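There are two complexes below, and they share chain A, which is joined by chain B in the first and by chain C in the second.
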Partner chain A sequence: MAGLSREVAVWFVTSVPTRLGRRRVSFPPPVVFALVLVPFAIEAVGVFWPAIQGVMLSFLNWNGIAPSKEVGLGNYVSLASDPIFITALKNTAIWIVLFGGLSFVGGLGVALLFQSGRRGVGIYRTALFLPIVFSLVVTALIWDTFFQPTGILNGLLNAVGLHSWTHVWLADPSTALYAIIVAALWREIGYVMVLFIAGLKALDPAIAEAARMDGCSRWQRFRYITFPQLRSVNLVILSVLVIDSLRSFDIVWAMTAGGPFNSTQLLSTYMYSTAFQGRQLGYASAIAVVIFVLAIGVIITYLVRALSEDKES
Partner chain B sequence: MTRKSHRWLAVTGVALAASVALAGCVSTGSTSTAAVTKDAPGALVLQSRFTGAEKSGLEAVIKAFDKKGEGKVQLNSLPTTTFDTQLPSYLTSKNPPDVYTWYAGQATRDFADQGLLLNLSDVWKKSLTNYSSALKTLSSTTSGEQVFVPSDYYWWGVYYSKKEFKKLGITPPKTWNEFLADSAKVKAAGVTPITMGLSDNSWLAAAWFDYLDLRINGAKYHLDLLAGKHSYDSAPVRKVFAAMKQVLPDLSPSVLGTSYNQSISDLSTGKSAMYLAGAFIETAVPKSERSDLGFFQFPIIDSSVPVSEEAPTDGFMVSAKTTRPNLAKRFLEFAASAEGQSLLLNGEDGISLAVNPKATQTMDVLSNQGKKMLLDASQVTQFFNRDAGDAQQTPADTALTQFIAQPNDLDAILKAWQASAVKLRSGS
Partner chain C sequence: MTATSISQAAGVARPRRLKRKSRRRALVTVGFHVGSSAISLLWFAPILLVLITSFRSFNDIALNGISSLPHSFTFATFTQAWRLGGFAQALTNSMIVTIPTVFLSLLLAAAAAFALSRYRLPFRRTILLIMLAGNLLPVQTILIPVARITQDLGIFDTLGALIAVQTAFGLGFYTFVLYGFMRSIPTELQDAASIDGASPVRIFLQVILPLTRPALGALGALAFTWIFNDLLWSITLIQTSSKLPTTAAVLSLQGEYVSSWSVVAAGTVIAAIPSAIVFFIFQKSFVGGLALGSVK
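And then the complex of A and B:
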């Protein structure tokens, strides 16, 4: 390996003057091709190929065992009138707004609260960050017990006399989705908090200090000094949250599997159940394409904004 | 941009184009069946969906077969949900596992129709001569070839705790009206009449649909309905839901949020009185309390309708692409023999019945009762997913659980159920 990298290094060094126009570009040694093409080939086989196949599948009717049938845009047309898809789309929007929004606000809030180095704050920070070490399926199991009809939450409500507040939380379509969001938030807020604390630590305390000297209130300091400086961190966190929201699957699947009667179906869980329980692989691929378009839309918007800001600065 | 980056772009472009061209051949199913006369070396791979009590029975059969020295069998046991999801991928892959545990009926025919299963007619002709003709029909494709070797079957009934029934002063009901009267009595005593573990096993609700349809509209109508010959959005199906509506107040109010384990615990601790379930429920109850468990036949609603029962049959099928067809057939012959059947059933903890009439099986009170009930039945059905095809289970679960929560939305529920069933059948 050392020999290889030396060869590459030599090529880069020797090709520098050629860029200055002293002689024509030499053909890069084969090892450079290898270093670029091998990862590309792996990526092509592991990512691009399946992705392209997925798109092509979305134009077929295929149950995985019988010969497939071409339906053109048929799957997309039926998506538009599929009530479960529309529920899933709505739930995904609710998920992005509530899960994403509350993670952002909650994460920022606790980060501001716990950024100081006061004694004992570390314990709180650790406590909030701790849920992240559990896998989402374990998180689901814990919260599932909490929300059981005879579980801790209903027990607590009964103990304080709020009998009418008790619910079959995960089986009532009016509460199930929100119950799962609470469980997901429990895990996500600690993560977002850490990202924000990292961002806050990078700020120059002198600016906030100067503002304080000038008589700015706490809120003014946050609104006009701290928050604007966090702009780049905000962008990263927002895109992480949107992507996390769109790919949320495990916690929903483990807690309700999209039920009761499809009321907690997200695009991701509906795609899974269509593909592997209903065995409609073409239709499921069409849902996957919709998720992909939504995700790529967010990423491109983010990249465009980030690049244009780079240019400005 | 320099020349160099142009060249890189070109190389990347060529590679991308190549991958697009390759991607053009999306493989969607294959029906090739290579004729193999001589077996490939190595152990026969048996992919099984049993991880509980049934697994030990299967292990006993494999151990005895291995001892015969005709070849080795390697057992891969996966949880049912994983197995069911993966099965189509196994069968359509290039080098699939050889033998699979599976459900008899339409669930097997779906694969046979695509040429994915090995023809086992010669196994039937040679070794399964004393099997009933009903089992043979169940194991056959529409063109009359056998593609399935049954291993065992079990019964469904309304399970109850004898102790609790005695305490409540009720006897097992025979008719629907007696059943409703008993439920009312149970409820008046402050006990939930009926429970189910629907939060993680919503398919259990389909047992109610199956039985009510069998008792009200009869087995022929039921099987035709599940095969897509009638609509779910129809008057006979509405009758089924009307009967179901009568028991809704008797269900545990949190039935949709109750897990299977919780529901079993509710039954054995006397919180709930009755549970429509298959024989598998017996293994979930602690052994010490097993003798307290009893079951009665699903009550008769219309005495003019011939009595049919659910008797789901399990068994084996073989991939058409197996490289060890001879070994597979020898193994299945052994598993279906009186010896193999005895080993399988005695390892299974008394929750299923042998299909081979010559098998010797230790029977307890419940298995004797179950066997008699099925022998007396005018016709047996499998279960919703086995008769309708596995993919049809999800829309049925949705319809039934939604009905439990929102019985007044019946029109919309039935319309949606029929639409999903048609869509799934259209092969999308």
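And then the complex of A and C:
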């Protein structure tokens, strides 16, 4: 709302003088309004209206068939003492830290390695971002083969004599979540690399070159020159990673569907199974609202950055 | 030490130092390529593994395990997977959903981006950000209401529902990216056209849209893979198994034939082919497109 009123003020101030001066130029023809209003209306009906309904559903007790019952904050109160929800919340936190954190570090690492114009770099880059093309389900099935009891990972461990390290990776509650994170990282790191390479390309090479002439080491140049310059790129990438983490569903659903014993349950998978297998639509909507609340801070950060960039250019 | 001896020493040392430096550089280059090749191979290994598995016979894997070296080579797994997974139908379904969605959402987004970037509309920045915010929303927040709305409209369990919801959901991001691109097109062309009496719709279709082609190409390739690869919307809105798109179909193939590793692997390869083709055709713009809108 605050943003809206500021917008009104800006528009008022900037448009009054022009309206007096060159009215015909400043006011666009009606068809232009239609060009923006039709897509906007489609998004409003397909996204915003359902989002509002989702919040309203979270105050109901409803199985989709019988008449719904108003329960106020009842669903949220139940969530607080639901052990599976707590597990899902914890796993989502682990997911954000490990998946998000390692994608960031790994993506930055390979971007620094492959940003140079050396011969052959193109092939290496392609190998790293090839997985982005595949769906998360395909990724899940690829890694399923790898983690099976008779799969490659156990085969390799046996081959080097580490028999005691072998696991039933995806069926063991202590390893399943981490196995899935490895698979998800394989697909995400190439994507983050592409974002970082684009960010690095936009930097002014003269500054790092000057530092090199002054005798700065490679690490010093990265730590004090390159990395600080990437600040706004970092912010965008971190936002993308947190939003991606909160959205993550396909890969977990395809590999373990939240099992064994809810050890890989994320908020997203728990929400889905509560809604479409448990038919507790109100309760599932409350979980969806929690996901939304977790995402909103990041979404706002992203939008603020989009806005400031827009003003600069 | 005298001045002459210094200059003599320097004269001898310089070529030697140069030689040492170039040798060091060669070593660094070799090290770089060895390390990079190792990383690339590591990244490619899982894909290779599935490809190899997909050509092995059921008995070979049952006897020797997945991790053994292959003892067989067969194409039978592919025909089997094709039949059991219903891929002819699933791939058709995917195309029926993906192609109209890409076309429709890019056209609508381009229209919105054109109006927002080329005219001084009131609230244009707010509209743009609200549209982008809609795309950043976690899908989970609108899953249940959308399922319900499609039921009320009688389009639940149809491919049309997938087209509608994917178009609505993608619009915000495409508009944002195209807006950024269209802003950089110089105004002179548009001014000339409007002095000649061209309507905004004609300016859009004949002046701006052709100039936006590179961005549309990149976004189109990306959108194709995103929509083709989607799982959550199809398993939420589609109930009849013959209407499932490819991604959901390969997952149910795996659910039914868990023990037939090679058949599942063959299904995985089949499901991966369409987006891989799009990727290799549009590789350059695809990679450029990934960075569009997030980092400039």
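Here is the rule we use: the second predicted complex is superposed on the first by the 266 of 313 C-alpha atoms of A that agree within 3 Å, B and C clash if a C-alpha of one lies under 4 Å from a C-alpha of the other, contacts with A are read in each partner's own complex, and residues count from 1 in each chain.
Throughout what follows, a residue touches a chain if its C-beta (ideal position, glycine included) is under 8 Å from a C-beta of that chain, and two chains touch if they have at least 3 such contacts.
This one's a predicted model, so the numbers in the text were calculated from it and none came from an experiment.
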| item | value |
| --- | --- |
| First (chain B), second (chain C), both or neither touched by A:295 | second |
| Which superposed partner A:148 touches (first chain B, second chain C, both, neither) | both |
| First (chain B), second (chain C), both or neither touched by A:278 | first |
| Touched partner set for A:57, first chain B, second chain C, both or neither | both |
| Contacts of A:130 with chain B and chain C, given as first, second, both or neither | second |
| Partner contacting more residues of chain A (chain B vs chain C) | C |
| Touching partner for A:48 - first (chain B), second (chain C), both, neither | both |
| Which superposed partner A:83 touches (first chain B, second chain C, both, neither) | first |
| Contacts of A:65 with chain B and chain C, given as first, second, both or neither | first |
| Partner chain(s) touched by A:170 [first = chain B, second = chain C, both, neither] | first |
| Set intersection of chain A contacts, chain C complex versus chain B complex | 28, 33, 36, 40, 45, 48-49, 53, 57, 64, 148, 150, 276 |
| In the complex with chain B, residue positions of chain A that touch it | 19, 25, 28, 33, 36-37, 40-41, 44-45, 48-49, 52-53, 56-57, 60-69, 71, 75, 78, 83, 147-150, 168-173, 256-257, 259-262, 273, 276-280, 282-283 |
| Complex contact set, residues of chain B against chain A | 2-4, 8, 11-12, 15-16, 19-20, 22-24, 26, 28-29, 31, 85, 88-89, 91-92, 110-111, 113-114, 116, 198-200, 202, 253-254, 256-259, 262, 390-391, 393-394, 397-399, 401-402, 405, 416, 423-424, 426-428 |
| Residues of chain A defined as touching chain C within the complex | 3-4, 7-8, 11, 15, 26, 28-29, 31-33, 35-36, 38-40, 42-43, 45-51, 53-54, 57, 64, 110, 113-114, 118, 120-121, 123-138, 141-146, 148, 150-152, 154-156, 186, 190-191, 194-195, 197-199, 202, 233, 236-237, 240, 243, 246-247, 249-250, 253-254, 267-268, 271-272, 275-276, 281, 284-285, 287-289, 291-292, 295, 299, 302-303, 306-307, 309-310, 313 |
| Residues of chain C that touch chain A when the two form their complex | 29, 32-33, 35-37, 39-41, 43-44, 46-47, 49-50, 53, 65-68, 108-109, 111-112, 114-116, 119-146, 148-149, 164-165, 167-169, 171-172, 175-176, 180, 183, 199-201, 204, 225, 228-232, 236, 247-248, 250-251, 254, 261, 264-265, 267-268, 271-272, 275-276, 278-279, 283, 287, 290-291, 294-296 |
